[in-house]
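Please find the structures below.
Common to both upcoming complexes is subunit A, partnered first by subunit B, then by subunit C.
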Partner chain A sequence: MTTRQMLRRTGYVAFMAVVLAFFAVPMLWLASAPFDSDPGIGLRWPDWTLANWETTFNHPYALGSLVNSIVLCVVATAVTTVLATLAAYALSRVRIPGRDALLYVLLLLSSVVTGTAAMVPIFVMMFQLGLINSQYATGLVIAGGMLPAAIFILKDFVDSVPRSYEESARVFGASPTQVLLHVVLPVARPGIATILVWAFVQAWGNFLLPFLLLRDVSQQPAAVLLRTLKDEGGSANLTVIPVFSLLYAVPVVALYLFVSKRYGFRFHGGIKA
Partner chain B sequence: MASRDTAGLGVGRAVAFVSPALLLIGVFLVFPALWTIYIGITDYALTGPSSVAPSVVGLDNFVEALDDALFTNALWLTVVFVLGSAVIGQNLLGFALAWLLRGARPALRRVVEGLVLLSWILPSVVVAYLWIAVLDRDGGTLGALLGSPGTAWLVEYPMASLVIFNTWRGTAFSMMLYGSALAAVPPSQLETARTVGASGWQTVRDVVFPHIRGHVLTNTLLISLWTANDFTPFLLTAGGPNHESETLPIFIYQQAIASGRLGYAAAISVLLLLVNLVVAALYLLLLRRRS
Partner chain C sequence: MAGIELTGLSTVYPNGVRAVDDLDLSITDGEFFALLGPSGCGKTTLLRTIAGLEQSSSGTVLIDGADVTRLEAGRRQVAMVFQDYALFPHMTVAENIAYPLRVRRATKQARQEAAVRTSGGLGLGTLLERRPAQLSGGQQQRVALARAIAMEAEVLLLDEPLSNLDARLRLEARTFLKRLQRELGMTTVFVTHDQAEALALADRIAVMSEGRIRQVGSPKEVFQRPRDTFVANFIGSTPMNLLSAIVREGHLEVAGTRLPLPPGVQLTDDTAVTVGIRPEYLRVDGGGEGITGTVSIVENLGVTSLVTLECPDGALVGLTVPEQDEPAVGTTLTAAPEPGRLLLYDGETGVLLGS
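What follows is the complex of A and B.
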């Protein structure tokens, strides 16, 4: 090995070591602090205990907020998946006048009107309609934001479903609704599952909209409660925060693992999926 | 035309299938975007007389923004945040990882990719705590590692902290995009570069870059758009100390909700929407030209 190759090899190893440390070190806190008898803000080898878990489960709002998260996510995910499937199917199979322009505008909308750019009108709208603190309304707002991307991804999936299945079903006298339910849905299942998981993860992690629209602590999802634990009484609640962070993060990681194992990690252009 | 409608759906039923989704998109995406423009030309406020009867003030809000030191500050910080963490940080680190991981051992590759992806998929509130744990003054991990605790990184170097944080947070996307772009570079050309003894940097510049130029551009546009609209800095520094890390999203939030100046905040939102529109249109144009 020449000196040059050795230098290059050393540089490579050093770079990878730094990258690994950069990405791993922040994560370690999530593995150690929830089980430490004296959880601090920094990282240390824990003095193992499960007492933090008991405190967290006894916290007046902790478990309730996880239930709220589930309600919010179920509303947003169900609405997104059902409406996007219907729309994607129709757009894929029928040339509605102006379809291409519509798809183009949808793609544009999904990246232009972000939660941040639209927070003022959405807050004002919900405020004037008296829908502040309504979990269902917040779920619908989140669904509205996810729909363009969901329709776009799903249309790609439905486009790849061969039309011959539907033609055969039609020949045997199936109605359009039967074709959709019994032919298209089963074949497009991987696409629908991807959207289901994608929508759930997006809604689960959404902080800004519930933070704006759900001001009452008993209605707030985990994302917002986790944030308020920091400001409560001026100092951070260090017994509950690590455990609750872990509880709140686990479903997201589990769903990603499930999808990438089952369907492979797909990569949809500009969409975080 | 009818013969192409294999599902027998018909235009009428197709429209019925599409309209619920369009209704929701119209109410919660299109209408708010247009309404922002209207709110932006009024003095609408959360409390006080103009909360009941707001009056149209024309372009006053926009004129005021030009003179508002806090707004120009927010604009500048957003540019720093986007350039530092997206255009430079995520782009370079993402490309470096994609390039160097090609020939790596599968085990190393899986571990690195797994960690980079994990930092991308974890909910923002959780990653904010992870980084507060790293950067805190008392017992923060970085202070302990450097053997010099007592530096409150988020207070003393708020923007630098946010840039490093967001590079960590978002590199996964660039890594994956460049990973798939590099797969399209003809192996024979890389082989030739190796035989003539080109260095790694020369190979990247003369062989790889011409093939992935389009990907670099679209990737940069997308991550810049997301970074400019990212609300996560709020969870780390809330814009402080003393507005030193108040990027546009936090500025809009502070003006609208904390100060209750909805009209002014809407005017700023219009500017953000316009920038988003330009960037997204450019992105779609490039995509279309490539296909």
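What follows is the complex of A and C.
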């Protein structure tokens, strides 16, 4: 190995180490700070204690907000997945004029008119409907924002399910419901699993809509509450935040691992890609 | 078991294409019937109309004497095997085979029994727990057949049953299919664009083009006496010679020579006709009146060779000769049609004369 090669290799490894550290340090903080008797912003070997956990569990809103987050996400994810699946199937199989244009316009509008742009009208509408401080209503609004993209992605999955599968089932006497339950849903399952996880993660991290529509602290999800975790002096409450952050990360990781193991984010063999 | 009766059947697609056009056809009970034609001739649409997957625009479909024209697919007692087999990838072989029973909400035990019973006869007994992706093409086809049989329908429809298999397997599957059909005695209709497949498998063949039937008959009839030049051209591994000719003084003037008119055909002088003669029915050794030309190309077909003669007027005539009699290129040959094998078609309409 020449000196030049060695230098190049050393430079490469050093560069990668810096990049990795950039991503790894926050993770290490998340792993160590919750167990440190005096957690700070910096990274250090913890002085082991579980006192932070006790404080967090005794916090009036911390655990409640995680439950709120789960309720909100389950509503938003369920509505998105079920409606997107049905809509994607219909749009994939029924020939209507301007179908693709409709899909593209929906997708375009939903990415241009984001929550931020539609913030005021959404708030006014929900206020007039008397749905402020309703978790279910907020879940519906979040689902509405995710539906176009979900339909768009799922339609691609459903398009790749050969029509002959459904026709075959029909010839054997299956009703439309049976065709859907026995053939289309199982074959499109990896796509549905993908949408499910995507929708859950989107809703879990959504700050703006719950912040606007859930004014009552006891109703707020974790993403919103995190902002208000401050001590009496008004600076960040570093006893609660590390533990809370760790708890906040757990459901998403768990869901990803579960779905990946159970359904796999890929296609079944047998379908020609 | 049941026959199929199609009367005045038309299937028109929303874009106005008449895929099946005012078609009458009768398929008898237990028959192995082929729908043959080039791609786009409407044969698959016809099959799908019988299955109920396409709605006919007019006409009626009778199965076992009952009018099923407006009946949904799945209520017609018709089973179908698709070109891509359409095996459900998320189900095992056993689940696939027993699927028709699952639709009818049969018990788990009944389904398992049906899967075991049906798969045994098709040599799939050891594969029941596999998934379709783990099977070879031939095995997949047999699973698709087993599933269709498990439905216990009156009629079996096969869409291009051999087209997804490689050449070697296709021959095996052909023999297998024919034996299976004999054993089941089920009325079976299959679609193919391969004339050799239709001739080998079917009891009767319907040759289709542009949504209409050009000829219905046994493989022998269709091969020996094609009713028009379209069928003549389509059937046969080596294409039939179709030569334009003119009637003069009770003889045919064709390819620069004179041939006697076939017996029983009365034509006035100067009538334009098309002479049809299969390469297999031309003999070199016979002497007598024949078509003379120079050997321009010799193609080896295995047991026989296809010789192309170039006639004085430029027409090309093909004939097959046994391998040991292969002529050298450039020699002059006279080929005479076997008695009764020469067919005459109307010069304009292309319809067989004297039939």
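Note that the second predicted complex is superposed on the first by the 250 of 273 C-alpha atoms of A that agree within 3 Å, B and C clash if a C-alpha of one lies under 4 Å from a C-alpha of the other, contacts with A are read in each partner's own complex, and residues count from 1 in each chain.
Throughout what follows, contacts are C-beta pairs under 8 Å (C-beta built on N, C-alpha and C of every residue); 3 or more make two chains touch, one makes a residue touch a chain.
Not measured: the values here are computed from a predicted model.
When the two complexes are overlaid on subunit A, subunit B and subunit C sit side by side with no clash.
With chain A as the common frame, subunit A serves as the apex of an angle whose CA-centre rays point to subunit B and subunit C; its value is 100 degrees, to a multiple of 10. Looking at the shared chain after the overlay, A:Ile132 reaches neither subunit B nor subunit C. In the superposed model, A:Ala84 makes contact with subunit B only, not with subunit C. Residue contacts after overlaying the shared chain place A:Glu167 against subunit B and subunit C alike.
When the two structures are aligned on the shared chain, A:Leu103 is found in touch with neither subunit B nor subunit C.
In the superposed model, A:Gly144 makes contact with subunit B only, not with subunit C.
Subunit A has more of its residues touched by B than by the other of subunit B and subunit C.
In the superposed pair of complexes, A:Thr116 makes contact with subunit B only, with no contact to subunit C. Within the superposed three-chain model, A:Arg189 lies in touch with subunit C and out of touch with subunit B [touch as defined at top].
Shared-chain residue A:Gln178: touches subunit C; no touch with subunit B. Smallest inter-chain Cα distance, subunit B versus subunit C, after superposition on the shared chain: 5 Å. Shared contact residues on subunit A (touching subunit B in one structure, subunit C in the other): 167, 170, 269-270. Every residue of subunit A that touches subunit C in the complex is listed here, in rising order: 162, 164-165, 167-174, 178, 182-183, 186-187, 189, 268-271. Residue ranges on subunit B touching subunit A, taken from their complex, read 1, 4-11, 13-15, 17-18, 20-22, 24-25, 27-33, 35-36, 39, 44, 93, 96-97, 100, 104, 108, 111-112, 115-119, 121-134, 136, 138-141, 143-145, 168, 173, 176-177, 180, 200, 218, 222, 225, 229-231, 235, 248-249, 252-253, 256-257, 262, 265-266, 269, 272-273, 276-277, 280-281, 283-284, 287.
Residues 8, 12, 15-16, 19-20, 22-30, 33, 40-44, 79, 83-84, 86-87, 89-91, 93-97, 104, 106-109, 111-125, 140-141, 143-145, 147-148, 151, 163, 166-167, 170, 176, 179-180, 184, 201, 204-205, 207-208, 212, 223, 226-227, 230, 241-242, 245, 248-249, 252-253, 256, 267, 269-270, 272 of subunit A are the ones touching subunit B in the complex. Residues 51-53, 72-75, 78-80, 82-84, 86-90, 99-100, 102-104, 131-134, 147, 151 of subunit C are the ones that touch subunit A when the two sit in their complex.
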